[in-house]
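In order of appearance the chains are A, B, C and D, and numbering begins at 1 in each one.
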Amino acid sequence: MRNVAVIGDGNVEPGSELYDVAFEVGKLIAKRGYVLVCGGLYGVMEAAAKGAKMGGGLTVGILPGYEFNANPYIDVQIPTGMYQARNVLVVASSKVIIAVGGSYGTLSEIGHALKLGKKVIGYKTWGIEGVECFSDAKIFLANLCEALEFRS
Amino acid sequence: MRNVAVIGDGNVEPGSELYDVAFEVGKLIAKRGYVLVCGGLYGVMEAAAKGAKMGGGLTVGILPGYEFNANPYIDVQIPTGMYQARNVLVVASSKVIIAVGGSYGTLSEIGHALKLGKKVIGYKTWGIEGVECFSDAKIFLANLCEALEFRS
Amino acid sequence: MRNVAVIGDGNVEPGSELYDVAFEVGKLIAKRGYVLVCGGLYGVMEAAAKGAKMGGGLTVGILPGYEFNANPYIDVQIPTGMYQARNVLVVASSKVIIAVGGSYGTLSEIGHALKLGKKVIGYKTWGIEGVECFSDAKIFLANLCEALEFRS
Amino acid sequence: MRNVAVIGDGNVEPGSELYDVAFEVGKLIAKRGYVLVCGGLYGVMEAAAKGAKMGGGLTVGILPGYEFNANPYIDVQIPTGMYQARNVLVVASSKVIIAVGGSYGTLSEIGHALKLGKKVIGYKTWGIEGVECFSDAKIFLANLCEALEFRS
């Protein structure tokens, strides 16, 4: 199995545009046969995990503390007790990282991902050189499909 | 899903007693419906993962470097790039830790596990106070069955 | 003692503008009585440490691997063996972070620093919202002086 | 400068035997010109840091959380936010590790230290093969003096 990581805004609510896009991202990842890895908590992480379960996939949540407090759509919980440093683990887990929105935590993950030579595809996220960034959901999802054809 | 971690000697070869016992441990974990988490490499880690796959289970390998270099029985690879500190992640992942043989790396994991209040059950491993330790394979596996009835 | 962290481009050579500015930053940190913390290697890290030693200060290098391979201007070497995750440690060490140039590693540090609520002052670095960023060396150093008047 | 790490029981009180021995250890480390590195908190860590300051030395505390909450004898505070994983950092910092008493956290550190090929000298601590262990304070301190003659 190969992983694809989803990172992004942990505060968006169900019904918001970013939540809906993250849900589609998760579903698409699962349907292509990848394991979804994320930070295990809420907002974009929850939406992507929910989408992945809807798509019949497996979900892994790499959690900040020692508690098993993932959102209900996470199959495998990996508590770390490393807080900020857990961001490194999320991006190290995958060759392709999908960023949906996001604030400073997401920015740190984008930095680590690009440093590690990962492919980063973003939707309405930090416009960092090296990130393939989109602001039209349809074009983003179409490009994502193509990117997920990668073979390790 | 809930995880059970297996730690131990990374150098034992197929055919050795510790390898065989770790294989049985992995099978038992899988048959009880738990996800097997381990360090993803060789020896006891490989044996337990092989057993878990034979038992129809899911296996997660938390790897020391950034490479996806797990043994062939690992389903989900989590590279960390944190080397020694990855030992903390292995034991943080689970409420029950099974130690089969093992040297100083295993010792560090036993220390972290007991500090974090985890249950540690061992077979021919470090005789540390707080570890439920066995040297008869049959009695060990019988006790393991009982321990895996835990409910979180 | 209180720490101030310097992050930035690890590849700039002595004689380049960023090297010279980082040297001044290090000297200024030392003269104000702060401990300089950095990643311990080359480029901006070396320049700042060299400046801090010239300013009579103490320097700490938080290193990526397990080797004691800091530049010659580091007094206290802290090897981590955590590679990317060591970036978190550099910014966690200080309430004020100074960024001089820098690529993706620096970007990850800026993300972590802002997430942790640190003050980030930059010279010709990533133009991230929340970073007080300058491109004129004199104005930058003058503002730095003021920022280092902080009291914890 | 070269570091020597002191690990051990975080709960012993001033006036207890372990506290007094750790104080002597710290003083001795400082007098030989080494930097004392420890976990920065209380008990043995505080005693060793206090001794090192009395010996005119420099002290570094590698802290579990993000708070700057070291004991008053720590010069350089390194908050990590990595909790258990900070134990790895304490032992990675030094070629010689001194253990005074200690429970499961100390056990994890001894495991990591021996795995990393460090020299571990202990006083009334875990009787692990590979640890040079003493239970007579005078003999322990005499041996420590000799061990600290090491050259890197």
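Here are a few things to note about the model shown:
What we mean here is this: a contact is a pair of C-beta atoms (placed from the backbone, for glycine too) under 8 Å apart; a residue touches a chain by one contact, two chains touch by 3 or more.
All values derive from a computational prediction rather than experimental measurement.
Of all the chains, the one whose CA centre sits at the greatest distance from that of chain C is B.
Rounded to whole angstrom, the centroid-to-centroid distance between chain A and chain C, based on C-alpha atoms, equals 30 Å. Taking each chain's centre as the average of its CA atoms, chain C and chain D sit 28 Å apart.
Multi-chain contact residues of chain C (touching two or more other chains): 66, 81-82, 84-85, 88, 92, 116.
Taken as a graph of touching chains, this assembly is complete, with every chain in contact with every other. Those residues of chain C that touch chain B in the shared complex are 66, 81-85. Put simply, chain D touches chain B in their complex at residues 82, 84-85, 87-88, 92, 103-112, 114-116, 126, 128, 130.
Per the touch definition, chain C reaches chain D in the complex via residues 1, 3, 35, 37, 58, 60, 62, 66, 68, 75-82, 85, 88-89, 92-93, 116, 152.
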